[in-house]
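Next come two complexes built around subunit A: one with subunit B, the other with subunit C.
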Partner chain A sequence: MRRFKVGDRVTVLDKPTLFHTRTQSYCRGRTGVIVALRPDDWVIPEDEAWGRVDGRRLPCYMIRFQQGDLWPDYRGPATDTVELEIFENWLEPAKEAAQ
Partner chain B sequence: MADEDPRISPVFDLVLRAGASETPKSLASNEVLLHVVHDVGGQPDVPLDLTEHKEAPWETRTHATCECLCWRGHWSSEERRRGENDMGQTLYAGIPYYGRWILVAAKHLLDTGRITPDELSAKIEEVRARYAAQATEVTP
Partner chain C sequence: MSDDHDHLPDVEDTPNDFEILEIAIRELSIAKGYFSAEDHRRFMEWAESISPAAGARMVARAWVDPEYKKRVLADGTAAAQEIGIDMTAPTGQGTPSDYIYLVVHENTPKVHNVIVCTLCSCYPRWVLGMEPAWYKSFNYRRRMVRWPRQVLAEFGTIIPDDVEVRVHDSNQKTRYMVLPMRPAGTEGWTEEQLAAIVTRDTMIGVAVPRVDSLVGQRP
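Take a look at the complex of A and B:
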């Protein structure tokens, strides 16, 4: 059961990370839009990284961010974007006021 | 720190303070502990070498070895990536890409008891001796 759909605006949670994560620090606390759903559910990296191949399975989303939202001193074109794959446990509905 | 809690180890205390900005950035600060080594996006770096890299035989063999270990159910790529982070910043940054792969593969096989350190050492010696013998053959 997916919590989000394509077109939803989501904010990446800014959780403490020790030892291993695949959620880039530069996107945490930032808001983007879901542009694709990865098929099926996947074992989350937090489990797979410790050999828990039967670990928790969650949906994974492709999320598009505006480069200007990620880097305070970004000087490229305003249309520049980056897309990141983020698991559902790292996402919450967008905090639009934060932008 | 004036408000240290004696019930909590200093390292874990730093973790609990995640987000607290008063901790100075030092080797043991929460920023260092909480920053995962391979997460380099936005970090300062030297200019990148953009020349095309042609993979050496040992690099393609390393890739194949690690994939076969996945295929046979010994580990996953994510365990390898975590193992690379476990090397720590100094080794991670100082060892080439596939060097990290093969070192972590060796460590994983040791950790899981599939090989022993002396078996690994013996194999390294054997390969070294073979290469040395080949080198003397081609040098008249």
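Take a look at the complex of A and C:
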């Protein structure tokens, strides 16, 4: 079961991390929109990094962030974006939507 | 005195921790018989011989065949297979560092795509070959997600303000390639002629194809 769908606005959790996560710090706590779903569930990096190829599998999403939401001092056009793939265990519904 | 000029120190860079780890694991694997030293040498020889020609063929075909273009954008892995590039070899899933899921992003008059890997060096090696050294540099990786227009300008690529710059950070499994826009002045060109202007950098997204800029051509 996928928790999110294309078009959903999501916020990346800012969890404490010890090891490999592939969830880049520059997107943590930031909100973006899901633009694509990956076809299969993949083993999350937290397990795969330890060679656990049969580790936990979760849905993965491609998320588009506005540059201005990542870098408050971004000076390019407001339409510029960055896309990252984030696993479901790092996402929650956008905080702005919950308010 | 005949030897009064300065010499640069005659030493190579010291291997870093990851290089030492790679050597240790490789030598252990060879000692345990998982693969031979000759297997490793042949694999590296093959991996380093892959050129961006495969990507250029995909782009050129997509420019002349709208149906193929749809398939490229829908499933890059399958579209690569159509031109004889099997990303699933040898394990069915590629290798852990070269995963099989290829997504091709199309440049349009409104969107310019560019790829980077802020983690280290994820790159679509199956279709573009080994990444250039600058692609792995901290300079490129740190700045491309932060100041993309300035970095593109350093490559001579000025993107107008009414075009969205969309940076693709290859932070997980997926590998990305850019499908650049077909330049004016190429009307009636054959697929082969078109492939000759699709250079590596145009598929990374730091440059755009030009009719006077040919693959393999040196200034």
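Here, the second predicted complex is superposed on the first by the 96 of 99 C-alpha atoms of A that agree within 3 Å, B and C clash if a C-alpha of one lies under 4 Å from a C-alpha of the other, contacts with A are read in each partner's own complex, and residues count from 1 in each chain.
Heads up, the rule we're going with is that a residue touches a chain if its C-beta (ideal position, glycine included) is under 8 Å from a C-beta of that chain, and two chains touch if they have at least 3 such contacts.
Since we're looking at a predicted model, the values are computed, not measured.
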Checklist entry - Once subunit A from each complex is brought into register, does subunit C clash with subunit B or fit beside it? => result clash
Next on the checklist: Output check: A:Gly7 vs subunit B and subunit C. Expected answer is one of first, second, both, neither. What do you get?
Outcome noted: neither
Checklist entry - Once the shared chain is lined up, is A:Ala49 touching subunit B (first), subunit C (second), both, or neither of them? => result first
Next on the checklist: Once the two complexes are aligned on chain A, which partner has more residues of subunit A within touching range, subunit B or subunit C?
Outcome noted: C
Checklist entry - Which partner does A:Thr81 contact after superposing on A: first (subunit B), second (subunit C), both, neither? => result second
Checklist entry - After lining up the shared chain so the two structures overlap, which partner does A:Trp71 touch, if you call subunit B first and subunit C second: first, second, both or neither? => result both
Checklist entry - Which partner does A:Leu18 reach: the first (subunit B), the second (subunit C), both, or neither? => result first
Next on the checklist: Applying the document's definition of touch, where does A:Tyr26 land relative to subunit B and subunit C: first, second, both, or neither?
Outcome noted: both
Item to check | Residues of subunit A contacting subunit B in one complex and subunit C in the other | outcome: 22, 24, 26, 45, 48, 71
Item to check | In the complex, subunit A residues that touch subunit C | outcome: 22-24, 26, 36, 38-39, 42, 45, 48, 60, 62, 64, 67, 70-71, 76-77, 79-87
Checklist outcome for this item: subunit A partner, complex, touching residues on subunit C are 96, 101, 103, 118-119, 145-146, 148-149, 161-162, 164-169, 171-174
Checklist outcome for this item: The subunit A residues in contact with subunit B across the complex are 14, 16-22, 24-26, 45, 48-51, 53, 71
Checklist entry - Which positions of subunit B touch subunit A when the two form their complex? => result 15, 18-19, 33-36, 39, 41-42, 73, 75-76, 78-79, 81-82, 85-86
